[in-house]
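Take a look at the following structure, please.
Chains: A, B, C and D, in written order; residue numbering restarts at 1 for each.
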Amino acid sequence: MKGMGRNTWVVPGGWMPLATTGREPEFTSHDKLSILNPSVGNARLEITIYYSSREPAGPYRISVPGRRCRQVRFNDLVDPEAIPLDTEYAAVIRSDLPVIIQFTQLNSGQAFNAVMGTIAFPADQFLSCT
Amino acid sequence: MKGMGRNTWVVPGGWMPLATTGREPEFTSHDKLSILNPSVGNARLEITIYYSSREPAGPYRISVPGRRCRQVRFNDLVDPEAIPLDTEYAAVIRSDLPVIIQFTQLNSGQAFNAVMGTIAFPADQFLSCT
Amino acid sequence: MKGMGRNTWVVPGGWMPLATTGREPEFTSHDKLSILNPSVGNARLEITIYYSSREPAGPYRISVPGRRCRQVRFNDLVDPEAIPLDTEYAAVIRSDLPVIIQFTQLNSGQAFNAVMGTIAFPADQFLSCT
Amino acid sequence: MKGMGRNTWVVPGGWMPLATTGREPEFTSHDKLSILNPSVGNARLEITIYYSSREPAGPYRISVPGRRCRQVRFNDLVDPEAIPLDTEYAAVIRSDLPVIIQFTQLNSGQAFNAVMGTIAFPADQFLSCT
């Protein structure tokens, strides 16, 4: 499974509401990364959080063991500092081993769930053709 | 239609809730793969399921006839073993013929449907100039 | 704007419910293609519909004028034949000029809207690195 | 972080409903771009809006400071002209510096939220070998 995955991923559209409803924890509002590490070794990731009107925060360090997946809620990233609610943010995730990342956003702020999901953007460098 | 599609696809963010509501089967909670095999021959696929705290399971074997599509619910993958509910998982799908795969997640656990969908991640190494 | 877009796109996961609710037409259940033709000339597209247990149907012919967008509901594709409801299908779209295509699915079959959307898969041939 | 991101992005499927419900502003219907500028310098973007039956409008000019993200609602693009509601449109976004863009669509026109999101289509020609 050599080479499967990428080392750099971007989530441009983070935002978590102040309000939440529903059973804890599966129906509470959250932004979530779903990460697969298909390699044998342990993958060490660094997440940088970008904001609209202040300097970026981080790195937030997480790891994903080899041949394991992990789902990480942005709400749970508190070291070096929590991500404020009702605040626009973006995330860049770098990994020392290739991984694959999906972004899911669940908003239960109005007594129903609105959910969206997308494969994150694989941002490894490309060469221009022309 | 030579060459259309890819041989390896990844779904990083699987999760199926314990709860479900609504008419069977179209509004019951599910994670689903939608696969198109545009070639003439029969495509044989192997799905490996990755978990957060145990060894991967599989392979789950399915096939898609030539010039046919097929939608497969993860809930229905029971051989060699069922995928537990309320458990984070990821899937890697390998096919002997190039296919195209979409991932859709329907959560009807709170008396409404929350749905998200995305083209899966095509993980083949590639060189492109388009 | 030479070269922007692709000539072949795939939507693997089509499905339209029998049931629908809500104001016509914007909240009735539908699968939809959103197409942008950024070139100056008129783009001619051919859509082939694939099923799980019968031969593909088509081509369905549509056109998108130069520097125009167009949103096409699969429900409205009736020539050469309508796409049946409650039936899994996939679509391959070929265009003589490069275009960009998004797939959106609205399901209002349970007195609420469940919507998902994704950029379709750009299936133009790639060369393998290895 | 040299080279991360792309210079041209496409959103094919814009549409904003006439109706909206819910608390202002976070639950009112909107189409939204989420942009990350990971470079040090200020990124200047030009958005062109394409319609189904008239000439394109724009450019709409926005900027994103270096190492900042920005979320822009299409509803707020009013110069040179507002984008009409209940009207199909597409958007092409060009940036002088590489950025990463996500498209999110929230429709609260029926007393609930229907949301979908996707990474926009990166339309630069590219040569990659990853």
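Methods note: a residue touches a chain if its C-beta (ideal position, glycine included) is under 8 Å from a C-beta of that chain, and two chains touch if they have at least 3 such contacts.
No experiment lies behind these values; they were computed from the predicted model shown.
Q: Residue numbers at the subunit C-subunit D interface: does the shared fraction exceed half, giving same, or fall under half, giving different?
A: different
Q: By how many degrees does subunit A turn when fitted onto subunit B using C-alpha atoms, rounded in steps of 5?
A: 85
Q: If you average the Cα atoms per chain, which one ends up farthest from subunit D?
A: So the farthest one, by centre of C-alpha atoms, is B.
Q: State, to the nearest whole Å, the distance from the C-alpha centre of subunit A to the C-alpha centre of subunit D.
A: From the centre of subunit A to the centre of subunit D is 20 Å.
Q: Taking each chain's centre as the mean position of its Cα atoms, how many Å separate subunit A from subunit C?
A: Averaging C-alpha atoms per chain gives centres 29 Å apart.
Q: Can you tell me which residues of subunit A touch two or more of the remaining chains?
A: 3, 112, 114-119, 122, 129, in rising order.
Q: Can you list the residues on subunit D that touch subunit A in the complex?
A: The contact residues of subunit D facing subunit A are 1-5, 22-23, 26-27, 32, 34-36, 38, 67-71, 100-102, 104, 106, 108, 112-119, 122, 124-130.
Q: Inside the complex, what are the residues of subunit A that reach subunit D?
A: Within the complex, subunit A touches subunit D at residues 3, 6, 8, 10-15, 17, 50-53, 55-56, 86, 88-90, 92, 105, 107, 109-110, 112, 114-130.
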